[in-house]
């Protein structure tokens, strides 16, 4: 009760925001060609980093007909994100990158990023509720884009980097954060419209704990297994007539060097488990690389 | 006079809107890969269906700087469209799809969809006139996107489905509904600015009758012949120096199974009639399929 | 002082705007396939011309959450731009095109276009300052898109023409006008926030003179050498660890017939001069054509 209330009142800027920026720009650096782009076209690299750091605000403003550039009027946030981008890409001897990539440190930042993500979902639902009192779909959409951030515009963020992969996108093949944000925004909308008998602070607290546990585990073990799979494999065949085999998007769950091969995973028989799917995908990638 | 007035005052929700949703989602189902997408990524399929049902409102709001998600605050419309999507894609034994595809029933729905289309064009011109009293181009643009709907964003609706066909778009190769909406919005703008001496109710009535006759004929006979071709073949050589050979876009005039082959039609010599063009296109498709 | 003030007060419409439209539509005509498109799909050609003429207003309105179609309520501007498009594409015996392509005449129009460009940057910074008093990044972004215009949306303008080149864009490989607009908007923002001790009229005057000299020289000599290269080659290795080899985008610096071959230039060793780079690119294009 009180723990949840004080947790929900934690100031997000600057510490948690910095962690959000660090993890976001880190994932940008993992993308193939990102380092080369930072040397050849530093301005484009900076703009990509801004999309990664502030994509949620841009998308929410686009949805609600507000100025997409509005959040960039917060100069301190932009300067902080710029500093994070510069340190991660241009620090002498790559010191900063090595520090934040050190797994225990990285896990702390990942946890802090999830705190910001859940707060953004709640704020998005709240803001949309203020504009459209009974617009449940509007509330859910706003919370979703606030939580997913740049992932939902991944095709166009890649286009800025000169990459174009139309065969997949975050809505067709949802990564874990995008899917979790979708479920989270439904919960927060139900709470806002009083269908879910729980206080906002409690919901923020428990959903954040869930997200932290999942993301820290997935980051530490390099796992792609979705915690939603058991529940979905129960519901989807009933509602939609077959197993909804959602492939983990390469976008969020990417760690390691820049050897990404782009090809949509071929549809496997539904009986295979997700671990076997990943093994299969890795083997196909190795074959393709040969 | 009075017939036209009562016709223009007909409530569009829920019967005519339901017909609009049914035909729109039907055309989505005809698209290659749509059924597979509904099984594998039902959320993406639902979002596509929403684009098909509400694309006109989204585009008009984007043009006028309003919230593109604004129309989704009408919960009953969204729930109705969702129900139509679910029944068309997931009804046991495909019962609903078979019912609405039965040609006489489908022709009734096609006629009702044209009623909604023309009303949307009129409403769009009216709304833009309210915002920009003398913005004739703004009025024409708003009416046009209200009438054409999702077709004008077909490239991006396809991108959501993982399909990317940049070689063509609805503006480069206009389908009949898009072209008819363009001519219709010019008429409605001329009427709104008092250059066309006809009442709005009469214009709505006569233009709707024209659209119903054309679309029902084209749907019943699977014809691609544009009723505008004779007039255009008179005017275009004078104004633009050659025959404006507008190819029917695959997007709107699509009936039948999912065997669409995407390739821009090669430019034929202007003397060929449109029927010969279609025969030529069918033969080329058969060759490509071999 | 007074010269600068009267220069900054020059009415831009209709003479300078006409020159802006003429040069913009001229560059559209240079694009491969543009003439063919004007014959086959005149409406799409007209829409492209409108994007070229009013792209800056559309982008600035999109950034600031205003109606992107707002500027089209200025009927006289739209009609003037339409007349320029029609004369350049459809004048009998191509008279108008031959007149404006005559190099001395073209250089005058190029100079007048730069006057409009710089005024747009100043107006954009001013407008953004009015909305966000301390939003420095917002001011810089608005001025930048006002100066660069359609170039920043080149990928989508090409998509309208049925062309898709995702491997490059104006932000990744900046052309001279886009880069100059970026530097200009920084100067104007510094002036607006009183960090640069110069009056707005003087800044407009001197920056316009700089732009006129550069663009007239580059147009007359068909040169692609960027005047910023010496300064950038000093600063970039220090800040960004290597030479920022910005390739001139094909978009702005295009003259001559329609033989464009699209391929991203392969990264050359930094020691090569820009002239050798262009020679290398021309040779590679010749090889590819064979």
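By written order: A, B and C. Residues from 1 in each chain.
Heads up, the rule we're going with is that a residue touches a chain if its C-beta (ideal position, glycine included) is under 8 Å from a C-beta of that chain, and two chains touch if they have at least 3 such contacts.
Because the structure is a prediction, the values reported are computed rather than measured.
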| item | value |
| --- | --- |
| Type of chain A:chain C copy interface by residue overlap (half), same or different | different |
| Equivalent-chain rotation between chain C and chain B, CA atoms, steps of 5 degrees | 120 |
| For chain A paired with chain C, centre-to-centre distance based on mean C-alpha positions, whole Å | 35 |
| Where chain A touches two or more other chains, by residue | 65-66, 164 |
| Of all residues in chain B, those that touch chain A in their complex | 37-44, 47, 61, 65-70, 72-73, 75, 78, 90, 159-164 |
| Residue ranges of chain A in contact with chain B within the complex | 62-66, 131-132, 134-138, 141-142, 155, 164, 166-169, 171-174, 182, 236, 239-242, 244-246, 264, 267 |
